[in-house]
Amino acid sequence: MSEGTTKETIRLEAFSDAVFAIAITILALELRLPDGDGDVRLRDELLDLWPAYVAYLLSFSTILIMWLNHHALLLWVRRAEGKLLVANGVLLMLVAAVPFPTTLVSHHLGDSGGRLALAAFCGLFAAITLAFAWVWATVVRHRRDIAPALPDREVRATAWHLSISFAGYLAALGLALVNALAGLGLALGMAAFWLWAAYRRHRAALET
Amino acid sequence: MSEGTTKETIRLEAFSDAVFAIAITILALELRLPDGDGDVRLRDELLDLWPAYVAYLLSFSTILIMWLNHHALLLWVRRAEGKLLVANGVLLMLVAAVPFPTTLVSHHLGDSGGRLALAAFCGLFAAITLAFAWVWATVVRHRRDIAPALPDREVRATAWHLSISFAGYLAALGLALVNALAGLGLALGMAAFWLWAAYRRHRAALET
Amino acid sequence: MSEGTTKETIRLEAFSDAVFAIAITILALELRLPDGDGDVRLRDELLDLWPAYVAYLLSFSTILIMWLNHHALLLWVRRAEGKLLVANGVLLMLVAAVPFPTTLVSHHLGDSGGRLALAAFCGLFAAITLAFAWVWATVVRHRRDIAPALPDREVRATAWHLSISFAGYLAALGLALVNALAGLGLALGMAAFWLWAAYRRHRAALET
Amino acid sequence: MSEGTTKETIRLEAFSDAVFAIAITILALELRLPDGDGDVRLRDELLDLWPAYVAYLLSFSTILIMWLNHHALLLWVRRAEGKLLVANGVLLMLVAAVPFPTTLVSHHLGDSGGRLALAAFCGLFAAITLAFAWVWATVVRHRRDIAPALPDREVRATAWHLSISFAGYLAALGLALVNALAGLGLALGMAAFWLWAAYRRHRAALET
C-alpha cells in the first residue's frame, strides 16, 4: 500500500511541523509587560523586560534548530511506522513544553530563582535529547524498512551528536545551579552546536 | 472529478491535524506558576505544580493517541464526503475542548474539586468516543464509495474498541466521583488501551 | 508556470486552513473558570459557566461551517491570483477576530451586556458574509482563468446564499439588540442554513 | 536526491506558513476587554478599545502582506538549502514577535506611551525588512542551484523594494517618536507599498 505509506509519512511530518511551529510561535505570548499602571514610564518597563527577550531568543532559536535537525532526520525516512510515531510523540510532548521553562527564565533570570529556572530549561533539553535519541534509534533499528538510503556514516555521526548534546545539557544544568548566566552561556553554545550539526546533516542528506 | 476528491481528503486530514496539533500544544499554556511574589522559593512553587504536570501528561498523551487512531482510520478513506466532514467536525469540537478539563484537573487535583474535575475529563473522553463512533459509522456506511479497501475484520475490531472505550470512560467517570486518583488511573489505562488499538489498527492498514 | 500555480493554490488553501483551524481551536481558551478561591463549590462554578459553553458551541460550529463552505468554494479554483489572495486575506482577518465577540458573549450572555455582545457577534458574521461575497465575486469575475469548471448554476446559487446570509445576520443583529436569546436563536438558524448550503455546494462540486 | 529536495522545499513553506498563520491569528487574543466590573456600560468599554482595533488591523494586514511577499518569493525557489533555512528562521523569529509591539500599541496608543509603542512596532518591521533582505540575498547568491528561473529584473526590483521598505520604516520610527499618529500613518503607507510590491512580484512570478 505504497500510496498510504507516503501519505502517512507526510502526515507525520506535517503534524510534527505544526507542533514545532505552534510551540515556537506561542513563545511570543510571554513577551508581555506586567499589568500595572499603564501610562507611566513605558521605556523603563521595556528595558526591565530584558530577561524575557533573552529567553525568547534562546528558546526560539533552540526550537528552530531542533526543527532543522528533525527535518534533516526525516529526509531519510520513507515510511512512518507505529513505533516511530510513539517515539516522535514523546519528543513532541517535550518540545511543546518548552514555553514553560522559557517563562520561568523570562520571569526569574534577574532574581534569585534564575539558577533553578535555567536548570529546568537545560534539564528539559537534556530530556529532548533523549527523546531524539529514541526516535533516531527507532529509525536505525528499522532502517532496512523505513530508511533504506541511510548510510552508516550518518548513523555514527548522529550517535556522537546526541551523546555530546546530552552531556552538554547536563553540564549546563549543573553550571546553571551554580551561576545562571554561565548556564545560559553553555545553553547558547549547545544551540550553536546543534545548528552546526543540522547544517552538516542537512548537507549529508542532500549529497547522498 | 478525481483530482478534487483527492484534494479534499488531503484538506480534511490537514485541517484535522491542525486542530489536534493546536489543541495539544496549547495544553502547555496551563503549565504556569500562579502569579505572586516572584522571587521567593521558586523550588516550592515548582513542586506544588505537580497536578499540572500530571494533567499535561495525561491530556497530551491521550490527544496524541487519539490522533494516531484518527490518522490510522483515515488511511482507509479515499474520498471525503459531506456527512463525514460534519461528523469529523463534531469530533474536532470536542478534541479542541480538551484543554478545559485539563485545566480543571491541573488546578483541582490536589483539592476537594479533584473528583469533579477528573469526572469532567472522563466525561469529555466518553463524548469523544461517541463522536469517533459517528465518524467511523459514516465511513462504514459509505464504505463502497469512500473506503473501498476497508476489510470487514477492521469494521468489527473498531466497533469493539469503541464500545470498550465508551464503557471504560464511563466507568472512569464513576470512579472519579468516588476517588480522583482511581479515576485518573483508569483514564491512564484507557489511554494505554487506545495506544494498543492505534498500533494494531496502524499495522492492519499498512499490511493490507 | 503551471507547477507554480498549483503550488500557490495549495499554499492559499493551507494558509486559510491554518487560520481557520487556529481561530477555532483558541476559542477553547475562553472556557475557563474565573480566578478566585479555588477549592469551594467547583460544581457551581461549572454550572455558572453556561454562557461560555453556548458561546463555544455557537462560534465553533459557525467557523467550522464557514470552513466547509470555503473548502467547497476553493474546490472550483485551479489557480490562486493576486486579487483573490487580497480578498481572502480580508476574509481571514475577520474570521480570526471571531474569538473576540465569542468572549463578549461568553462573559455577558447572562447580564445586561448580552444584547450588545450578541449584536457584535452577528455584526461580525454579516461582515464575514460580505468578505465571502468579495472572494466569490473575484472568483466569478476571473472564472475563465482560475475556475474554468465553475457552472452558472453554482454562481447563481451562491449569490442567493450570500444575500440570504447577509440579510439574516443583519436581522439577527437587530433582534439581538431587543432580546439577546432571540438573536442567539437566529444566529444558530443562520449556522444551520450555512451548513445546508455547504452540504449542497459540496455535493455540486463533486458531481460535476 | 531530487525527491528529497522537493519534499524539503514544501516543508520549509509549510513551516513558514504555519508560523505566519499562528502569529496572525493570535493577534486576536489581544482584542479583549480589561477585567473589571463586567455588567456596566459594555458599550463604553467597546468604544474605549479603539486602539486595539487599530493595532489589530495594522498588524494583521502587515503580516498578511509580508506572507504574500514571502509566498511570491518562494515561488522561485526550487530547493531549500541550509543557509536559506537559517536566514528564513531569523525572519520567522521576528515575525512571531509581532504580537508584542501590537500589544504595546493597543494598550498605549491613547496615552503618553503611544510614541514609544509605535516606534517599537516600526523598529521591528525595519528588522523584518533586514531579515527579508538576508533571505533574498541567500536566494540570489545561490540562484543557479536553488532558483534557476529567477530573472535579473526581479533581483533588481526586489533590491529596490527592500531598500525603500527599510528607509520607510526607519522614517516611520523617527516620526513615531515625535507623533504617534503620524508614525501610524506612515506604517500604514508602508503596508500599502508592500501590498503593491507583492502584487507586482506575484504577477511577475506567474508570467515568467
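By letter and in written order, the chains are A, B, C and D; residue numbering begins at 1 in each of them.
Quick note on the criterion: a contact is a pair of C-beta atoms (placed from the backbone, for glycine too) under 8 Å apart; a residue touches a chain by one contact, two chains touch by 3 or more.
Remember, predicted model here, so these are calculated numbers, not experimental data.
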item: Residue-number overlap at the subunit A/subunit B interface, same or different (half cut); value: different
item: Separation of mean Cα positions, subunit C and subunit A [Å, integer]; value: 35
item: Between subunit C and subunit D, centroid-to-centroid distance (C-alpha), Å; value: 25
item: Numbers and ranges of subunit A residues touching at least 2 other chains; value: 14, 18, 22, 26, 29
item: Chains touching one another, given as label pairs in label order; value: A-B, A-D, B-C, C-D
item: Subunit D to subunit C touching residues, read off their complex; value: 13-14, 17-18, 20-22, 24-29, 31-33, 38-39, 42-43, 46, 56-57, 60-61, 64-65, 67-68, 71, 75, 149, 195, 198-199, 202-203, 205-206, 208
item: Residues on subunit B engaged by subunit C in the complex (per definition of touch); value: 1, 4-5, 7-8, 11, 14-15, 18-19, 22-23, 26, 29, 81-82, 85-86, 89, 92-93, 96-100, 103-104, 107-108, 111-113, 116-117, 120
